[in-house]
Amino acid sequence: MKDLIKKYCNLLGPSGMEDSVREAIIEDIKDSGAEYQTDAIGNLIVFKKGKKRRNKKVLLSAHMDEVGFMVKYIDEEGYAWFDSVGGVDRRVVSGRRLVFCESNIPAVVASKAIHMQTLEERGKCEPISEMHIDIGATSREEAKKYINIGDCAVFEPNYEEFGDGLVRSKALDDRFGCAALVKMINGELEYDTYFAFNTCEEVGCDGAKEVAHNLRPDVVIALEATTAGDILGVSKSKCACSVGEGAVLSIMDRSTIYDQTLLELAVETAKEKNIKWQYKNVVAGGNEAGVYQRAASGARVLAISAPARYIHSASNVLAMSDMEAVYQLAAAINERSFE
Amino acid sequence: MINLVKKYQNAFSVSGYETQLAEIISQDLKDVCDEISIDPVGNVIAYKKGKDSSKKLMIASHMDEIGFIVTNIEESGMIRVAPIGGINPVASCYNEVRFKNGTVGLLVVEDGTKLSEVANNKLFVDIGASNASKAKRKVKIGDVCAVSPYFKKLSPKRYASKAFDDRVCCAISAYSALNCKTPAYDTYFVFTVQEEVGCRGAKPSSFTVMPDYSIALDVTPAPACGNPNHLTVKLGEGAAIKIKDSSVICSRKLVDRLTDLAEENNIKYQYEVLLAGGTDTSAMQIAGSGSHACCISLPTRYVHTPVETIDADDLKACTDLLIALIENGAE
Amino acid sequence: MEKLYGLIENLTSYPGVSGFEDMAFEGLKEYISSLNIFDEIGTTSVGSFYGIMRCGKKDAPLILCDAHLDTVGFVVTEICEGGFLRVAPIGGIAAKILSATEVNIYGKKTIKGIFASKPPHLQEPGESEKKLTVADLCIDTGLPLEELKKIVRVGTPVGFPCKLQKLIGDNLAGAGFDDRLCGAAILRALMMLDKKSLNVDVAFQFSGNEETGYKGAMTTAYRLNPDKAIVIDVTHAFVPGAPKTREGTKAGNGPDICFSPQTNRAFTKYAVSLAEKEEIPYQLSAAPGRTGTNSNAVQTTRNGIPVLLVSIPLKNMHTMSEIVNMNDALSTAKLVSAVLKSL
């Protein structure tokens, strides 16, 4: 799974431009015997037969997109002014290296040198609308040869293992989820299962809406990355979950109160299979599960997440063991009939 | 050792007026050193020949302390003073002060000054004179004074005093000169002047010595209560090997050497990263073609107040570490 | 240009946070020796590396070329629960560029770290608009405390990895260009010279401790005792939002020649006329007070040394994504080489 994660993380796919990720996934599953189709707006839906049928239509879901940046204006000096695609804290942007999707033009988010900042400015971070991207062009004309308004960039690919079994990359949220699903598709399944690789999660879980209407699943399991709070200076009561402590099961977040029976099933399965797990202990964030729960006729939903430090930045930090635990738990639950 | 500290602490030695202490130290060391001189700015340079005369080690501790200088004598007999060095006015006022001629007075603040308004330009000394002419019999414009000697054993291991900065380090240096075996290198025990007003004595003395290795001895703030604001050093945790302060980043070679010596000799040590404040280390580092420079710091609470507080174990650790370096060299 | 890129690639690959320049010495010695430029090389106790190139003529004057070796960075102040480190900055670094960025931690072995950032849902409302200092931040090493303590101590330096990235139009992004880039430009200049035909000896000092008070420059200049000196540093290229007075220095317009009380006016004018004659692009700037470079430290060494200050325009200085126009660096090398040839 490590190789898949690395490969997917290094692809450039902000919301609305997930094509390269989808193509890579198709390449990896095309010989698995699964049926797959890309819908009108780019979601990849996969159906794989298992050894048995079950009455419930079960869907496992992950999203392909990552946060990024879109050019809004190119000034006379050749600098590109931009805004974020998806939620990005202004404090993680200044000074970062970016790459433009499709054209592969490298770029830097410029940062006024500390020497030129006034005392008032020092230590403050300007809003993203006041930052600009430098590609090395000296005029608008020159810049426009390489980039244009509407072009998107993402943090430069930087997958790397570090520390004690940790991994960092710009897009572990949620490429690791994609990798876990691909691994399941390429394996033996107990029951027939649907899989969805969605677009546009970061800008409002748009892809999931369409998938839900199309498939009308009974049970949905979302594989996600969720904010870990185990960093210096954050109180334990606000910590949400900790890196290295296993798969995270959400009870409630801002978008969903999760299905109680599924949650109990998940806990039971984890204990039975000896898979490390933890509860998410704060009510925060949200993901595609909320959309699945209420789209069309609704579905029972469960989210299994991997704890991620510094999510939505150039350096999502996750533990390989947590991502493995998410995969194992999801695979184990999928062996149930859900009757 | 502690008697040496007491003796030096008792001497009058405000920045620029260090002759009394210079004389005492010269007397103390004259029998154990090969040569002692006092340079034009007033630094005491005590030289001890080493086994290897191709290398020079300079050890600097400063003799001066912060104080006050008389700028005006008012009609009322009150004496207006200005600070010498980094005076903390809140810590200094309503203490007894002593002039070089022995005159004693009280450091006070202008009437009606709120606590938040206490500043160096509101300080006066009251020597009990009822008018200017009586005051002038004892004190004249330009005279300097400092907080009167005060020395207290708070507990078996902790001492409080004024001017531990840097008399205690002068004592460490002198004690080392008196008690060390033959130094590894030609060693210069330098007692510098005017550190508190900008390391002015260390510059010419290091230019004279042109050391290969330099060690400054100074106190460093140790947190006591409230928000320590990232002070890395703690009282009682041993000699502090300086990594950096705002004037210098210490030679890694010496930092590592001191670390090894501390480990080998079971001397308790800690590292110091000081974000504000400078020492003589910098002046020695940039003398001539430059030298490997580091500083052994003594953790001290309430620096630049009349109640600077140190721990006897730290004092011993600093002394042991310095002697180990003198005897074993830097390589 | 290729040669210059090779030099930059090599010189930026060594660690060397101010005060910890000795970490670069071994690599530098080996690499610079392999270039066969210098007759003598050495290092000093204040973090400087130097090389001397002799023309072979008796009593030839010595011209010093100075660039600084050290880079901005951090030093560890506290090793904390959970494998986090607190650090203090060395040199001016804006805290706002740090969150979620990677660093190298130069302990007993070099390990990776990432500046932690507080996720938005844990922030107080409006927190991201507030002022931030380096002391507010911490570095995540991903290692258990006990293991971390074996590698790192209070005082361990931390720096940005360089990560060169070619941009369009001969632009190059990287870290530590301040001032390794200028070291590369000097070496490139010396490679253009035929030393037998020179009338001067040339010393190159890659000086330490610049970011913390120009100490390497003053002590190494004292040791080398040159007759004249050229100080090469980076300067701010104009970027949106910079003060009006900065508009005169733009990336791509050539080396910046600086007039200042801290440089020698005659030497400076000489360089300007030479640039005109040789048709080397240049731009002028003025520093009426301090230059913020080694120029003053070198100029005031011993009996005084006339100094020429040439700067390469750089964007985003003191960040992990500094940008230089390579043509400016190459023109700087040409100018330095022209000056040395003409003396």
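Letters are used for the chains, namely A, B and C, taken in the order the chains are written, and counting of residues starts over at 1 for each.
We take it that contacts are C-beta pairs under 8 Å (C-beta built on N, C-alpha and C of every residue); 3 or more make two chains touch, one makes a residue touch a chain.
Note that the structure is a prediction, hence the values are computed from the model and not measured.
> Going by CA means, which chain is nearest the middle of everything shown?
Central chain: C.
> When I count C-beta pairs in contact, which pair ends up with more: A-C or B-C?
Pair with the higher count of C-beta contacts: A-C.
> Among the chains, which has its CA centre at the largest distance from subunit C's?
Relative to subunit C, the chain with the farthest C-alpha centre is A.
> Taking the mean of the C-alpha atoms as each chain's centre, how many Å separate subunit A from subunit B?
Using C-alpha averages as centres, the distance is 59 Å.
> Could you tell me the distance, in whole angstrom, between the mean C-alpha positions of subunit A and subunit C?
That gives a centre separation of 39 Å.
> For subunit B and subunit C, let me know how many angstrom lie between their CA-based centres, rounded off.
Once rounded, the distance between the two centres reads 36 Å.
> If a residue has to touch 2 or more other chains to count, which residues of subunit C qualify?
In subunit C, residues 86 touch at least two other chains, as defined above.
> Going by the contact rule set out above, which residues of subunit A touch subunit C in the complex?
So the residues of subunit A in touch with subunit C come to 75, 77, 79, 87, 89-92, 94-97, 105-117, 122-127, 130, 132, 134-138, 142, 146, 156, 158, 160, 162-166, 168, 227, 229-234, 238, 240, 282, 284-285, 309-311, 313-315, 317.
> How about subunit C: which of its residues touch subunit B in the complex?
These residues of subunit C touch subunit B: 18-20, 22, 44-46, 48, 75-78, 86, 88, 90, 135, 153-155, 209, 212-213, 215-216, 218-220, 222-223.
> In their shared complex, at which residues does subunit C touch subunit A?
80-84, 86, 92-102, 111-114, 116-122, 128-133, 138, 140-144, 147, 163, 165-171, 173, 236, 239-243, 246, 250-252, 292, 315-321, 323, 325
> Which stretch or stretches of subunit B touch subunit C in the complex?
Listed in rising order, the residues of subunit B that touch subunit C are 212, 229-230, 232, 243-244, 247-253, 255, 270-273, 275, 282, 285-292.
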